[in-house]
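First chain A sits with chain B, and in the next complex the same chain sits with chain C.
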Partner chain A sequence: MTAATSTPVRHRSPRVTWAVPRGARLLRVELLRSAMPWILPLIAALFWFDSYRPSTATAPLYGVRTFWNMGQGHTISDCGPFVAGVAAWMGSRDARRGLADLVTATARPRWAAQLVTWAATAIWAVAAYLLFACVMFASYAREGVGGTPPWWWVAVGATAVIAFSAAGFAVGAYWPSRFAAAVAAFGAAIAMYLSFQIGFSHASGWALILPTNSNGNFDGSALTDAGIFYRWLPDLPIARMMFLAGIAMAALGLTGLPGRAGGRRLRLGAAAVTLAGLTLAGTAVGLVRTADVTAHGVVIPALHDSSSDTPISYTPACGRAAGVAVCLNPAYRRWLPDVTAALAPVLAEVAGLPGAPVRATQVPAAYAGGSLVITMGGHPTVLHLSLGQLNLPGPCGFCAGPVAANQFIGWIRLLFAQSFVGAGQGAGRPAQQAVGAVLLRGAGIPFAAQPGLMASAENFAGPVSAGCPADTKTGCGPGPSTGAVYAAAGRLAAMPATARRAWLAGHLAGVRAGRVALRDLP
Partner chain B sequence: MNVEIGEVTKRFGRTFAVAGVSLETGPGVLGLLGPNGAGKTTLLRMMATLIPPSSGSVRLLGRDPAGYGPRREIRRRLGYLPQNLGYYPGFTVAEFVEYFALLKEMPPGRVPQAVATAIERVELGGRARAKLRTLSGGMLRRAGIAQAIVNEPELLLLDEPTAGLDPEQRVAFRALLRDLGQRATVIVSTHLVEDVGAACSQVALMDAGQIVFHGTPDELAAGGEGSGAAGDAPLERGYSAVLAAHRSAGAAA
Partner chain C sequence: MTTAGLHRPAPGTVPARAAGARRQRAAAGCRLVRLYLVSRRVPVALALLAGLGAVLWAALHWRWNIAGGPAAREFIPLTIQTGAAAVIAVASYGPFGEPERAAGRWLPWLRLGAAVALTAIAFGILAAGAAAGRMPGGTLALLRDLGGMTGIGLLSAAVLGGAFGWVGPMVYLLIIEGALAHRSVTPWVWPARPPHDRGGAICACLVVAAALVLIAVRGPRESSRESGRAS
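Then we have the complex of A and B:
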């Protein structure tokens, strides 16, 4: 050891730009030596196998793809417990390593030093989370996934990561044991599990605040059309971010309360931060209790910005079916051939009949669900397709298997026929069912195949899934293909085409209005 | 005076770790000697502003550490090496010293030079980029000393600084102490009387929470002459004689 203070031998470290502020330099050292990067490969693997891969087995629309990983919060539950554990490890570092006295004996308040340590941990975790999310979305983009990414929900996930890191850090700071990391990670996993489970039983109210509760903008039959026809509403994400940020503030504030954290003024500041965090979290819970489910998602009046209600403008992708223009949102472009193939025979079958559509266009599915997949209206008649409510051809993550194009085509034809005969929100009257059966037969679906087709479509909003009308006397549906409905349909189908069309032209209005009974059919 | 302590006590439950210590000292090296449990570390921790006294007055560098503002000012000018120094295994030597330089709120522009100087002064320049986990016990101790002196403290508190150092390093360290003591008040708690003899201008001997001797090393050595006290060197004999005298006086009382 040298007593002299002469110019020392130059060595290469520390090699930094020294113009940066003191806090930034501390942060740089903490970032370099944080334990968080060591756990990131594990989180990345979990992210890949639990968040990303299962989502690729769903339809290539952002609303569907991200239901699993963002809506149900798998991205959060993949990161949260590990982030909390590592943060607890870092929070307990000084005491665990026997450096608490040394750090406390420095001029910088202990709380300020701890906050820098936490910040480095959180920066790593959030950066990794955002990187993983961006890589996932980039992969979706390469596949041509339709719609826009739910960035608000990514922000919720990032805030959740911050909250987990803060809570874990507080555990470590208060309980500087080698077991703190495991306890914090386990506690976070339990919290995630409870949040997830509560989502199954609580679809509204306070439970909407829970970060892995999928009820919210990711629920209902219309989830696929968020980010396609209308924007991802930010109301619920903002409330959840408020809640999570409040938890983070409260946890970090708690670490500043002990006597050795700093001076009285600083500890008062820490107490204020804690109280502010608790208030913020409580306010967020109060806000979600005022939430309403609207056609486009969850609206929280105090947070709602009406500019979010502006539909997303688009140039439709159009094709033709039996001479009728069929236009879809470009996010659904890949299914246009299936839709035109499905519509062509039924449109040809009804061409020239009263109420035959002259144009088909896609409409957004309403968030609350329950609307019909296919409706017709206007003069001249326009066919409205709410494809967001259907399982589309291709991968179908929550189905028994991939959806075959033929199955999809059958559903479209079935729903078209039921809409054309005016079955409305019910199974339809027997005469409507019989006429519908004839139209389907003309479109290539024999009577014998129709009951099976209806059974496979029972999950979709429309006549096949609705209850029986109160005044229906002959059962909810057409019954077996050997029953009375199909017998009448068989008689109508057996007529010469010209005669059948003439009968339909004269009686369709009565059929739609329910004035024609089964016995009135020729 | 950089250290002014008056009738300070520190109680842990029913035990008085420090029982009425008064001490005044200015620039120079003060060796704090004493057997295990004498209260040396507790006294150093009070001087490091880590724990407040139970009673009595403490003024350090002309300030009362009871107030947060003055305490923070003292800490800016303080160097402290605890007895059981921990370390961050993943930090390099340079990062470790830089980290504490920043925590001591050194002016940012001075940090790089100060870090390099401190590391050189403990002869770890060649290992500045080595991770702490790769260092030997003696090197770790030197890294600890480097962080203590990086801010060129006006008050330097070293608790067993030579533990783990080999003889050559101890000799070099004593020279460093003497140099530091020219400008700052250096208080060294140690069991090793030879360190005191070689590096300290003053020595205080503690026993049972009290300072039982305060003087120069020569005065301590003189106290042992002709006493028949155990020891291989004059300072050791003085140490033993003072302790024996204090204990016999205590027993008689």
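Then we have the complex of A and C:
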């Protein structure tokens, strides 16, 4: 016996291993055991079907392309419910399998182990979301979609996925039932659709925080030039990320509150995390209540960085129409032939007249709206085209159908004539309408076709009818090409070209100023 | 031992032993049904269906879906109906696996009966919830949409497993969303069709019939990893 005790104890030298933290090893195990990868092919298919496919039927500009999937949050609604459901399934795993007591007795606090399980679920979901979004944008880039992608909105989507995974996980952890996954998934779906619906009646204030609310914020991008002339403002996305991150923190903190989660200090930490999350979410709601819609998007003063206001520099794409240089942003390069074809006849018609433009250049369309699509100004006169406000030729998303090139050309000519005679935002005075009608006729649009052209111009405030009273903006339907205005226009058009040009050269200033009445026309 | 004390029962009367056996069989049948329903967590499913009915009532009463086009108006009620279909599908999950299949010759009838009864109860609850306001499409559309989506849920349970029966209705909901927004006309997306549309009704009936046959005969798919407690 004594010999036995005197035998020296041989200590086994520890194996040299990589210094991998135990948490990382556990995370690796959870990543391998997570149920999330099994649902990802389905999410990918839905992403293609519901987010990517409808967007390809819109104009190839990022603001328009991403309105459906980023602005209205369809990328989130394709991922969120499934992520919440699977996260609930993972959160309820131990209790569902009758292992809750067993894992509670292990050395690692229960809450820490749960957080690792959640982290593995969230990592899969966020990685997949980012991958799908990148593939979608890569596809857009291959098509030559103009502008820059709205990366801030992608970040909002990724944060929403984290929030859904955390909320779903909390549901599963608290209610380890077979119904937990379904409840989490459909709860997430209902929350998102309500968020979408609330935006219709609350386009400002607190409702801007809702992740699938495009009203009052992203909806402007569909007819503006964010990511083309100016940057996507990060203010609202940052506020939404704060809100979603706050929800995620609060949900995860809740899972650490029960007695089995760990020691007293750990539970106090969990309570602090919950409170911090609620505070963060509440702060974000408070911040969006101070938001203003400016020309370049939603600005939240406390979050606004003035460097975001720096315009995007570019080398314009130029062409010529009736000898006049027409320059567009390169994002609109594909429509340059349509624009020059549209402008050539009207520019030729007004060449040599007072105020005839010597150059045409594109200007950004603004969020606040209300500006004219075509304006003229400066000495010498420069034609300013705000093409972002128009439905451009080609696929048109939610329009009745694709926009034909001839339709677009007609709108440009109509708006040019309206601007040239100084009609401003409305239909203009009768004399302005008559002169405009003559210019359009000279540009190849007969009187009879003009009311129909005006009726088809649906997404800008134009001269809706030559028969409407002066300064009418909307609400006056197109009438037939008859009446006093068209009678005067007919008389002017019947004059010899030289005489008509001479009359116009002498009276255009008066027509623009509203000093010439219909009876003053020859 | 003689037969002197035995009496022939009067014509038309049931022997006491046979009556007792019948009572025992009835009691055993009731017990079997009760145990089956408990094992499928049908009481929880009923509570969830009642909750969905309350949500539908609130959505219609407070007009949560007042704004937007026709698609937007339909969508919250459709989401709630899909949720009800998902609950019915998840309730098909059985925790016992092989022993239940080997011993339970009434199992197909129990599965069929439970699915049909839950669908009928869900329809009643949602119809009651719809009384708070004007349900888009009315009761007929509710019956068609709920029935068809329950069929999708049961098919999903047969393919993916009862616990994942909610996946099918959720996928279908997103397909409906796209169809409503883009004015799809295929009858396979029946919620996007008018209530009296024959094609949509036929498709919904085909789906629910196939699902009921499949769930009754084959049952939901069972995963060996998830067999165990009926949580």
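Rule of thumb we're sticking to: the second predicted complex is superposed on the first by the 477 of 522 C-alpha atoms of A that agree within 3 Å, B and C clash if a C-alpha of one lies under 4 Å from a C-alpha of the other, contacts with A are read in each partner's own complex, and residues count from 1 in each chain.
Operating definition for what follows: contacts are C-beta pairs under 8 Å (C-beta built on N, C-alpha and C of every residue); 3 or more make two chains touch, one makes a residue touch a chain.
Everything quoted here is computed from the prediction, not taken from an experiment.
Participant: If we overlay the two complexes on their shared chain A, which of chain B and chain C does A:R33 touch? Say first, second, both or neither.
Facilitator: After superposition on chain A, A:R33 lies in contact with chain B alone.
Participant: Based on the superposed arrangement, let me know which partner A:G98 touches: chain B (first), chain C (second), both, or neither?
Facilitator: both
Participant: Looking at the overlay, what does A:R25 touch: chain B (first), chain C (second), both, or neither?
Facilitator: first
Participant: In the superposed model, does chain B or chain C contact more residues of chain A?
Facilitator: In the superposed model, B touches more residues of chain A.
Participant: Kindly classify A:R142 by the partners it touches after superposition: chain B alone (first), chain C alone (second), both, or neither?
Facilitator: The answer is neither, since A:R142 touches no partner chain.
Participant: Can A:G262 be said to touch chain B (first), chain C (second), both, or neither?
Facilitator: first
Participant: Taking the superposition as given, does A:R519 touch the first partner, chain B, the second, chain C, both, or neither?
Facilitator: In the superposed model, A:R519 contacts neither chain B nor chain C.
Participant: Looking at the overlay, what does A:P81 touch: chain B (first), chain C (second), both, or neither?
Facilitator: second
Participant: Quick check on my understanding: which residues of chain A belong to both its chain B contact set and its chain C contact set?
Facilitator: Touching chain B in the first complex and chain C in the second, residues 97-98 of chain A appear in both lists.
Participant: If we count contacts the way the header does, which residues on chain A are in touch with chain C in the complex?
Facilitator: Interface residues on the chain A side: 39, 42, 46, 49-50, 53-54, 77-78, 81-82, 85, 89, 92, 95-98, 176-179, 181-183, 185-186, 189-190, 193-194, 196-197, 200-201.
Participant: Would you mind writing out the residues of chain B in touch with chain A in their complex?
Facilitator: Within the complex, chain B touches chain A at residues 45, 48-50, 68-69, 71-73, 75-76, 78, 80, 82, 84-92, 94-95, 98-100, 102-105, 108-109, 111-112, 115-117, 119-123, 125-126, 128-129, 142, 145, 147, 169, 172-173, 175-176, 178-179.
Participant: Given the complex with chain B, which residues does chain A contribute to the contact?
Facilitator: Chain A reaches chain B through residues 1-5, 8-14, 16, 18-22, 25-26, 29, 32-33, 35, 93-94, 97-99, 101-109, 113, 262-266.
Participant: Spell out the part of chain C that touches chain A in their complex, as residue ranges.
Facilitator: Contacts found on chain C: 41, 44-45, 48, 55, 64-68, 72, 75-76, 79-80, 82-83, 86-87, 90, 93, 162-167, 170-171, 173-175, 177-178, 181-182, 226, 228-231.
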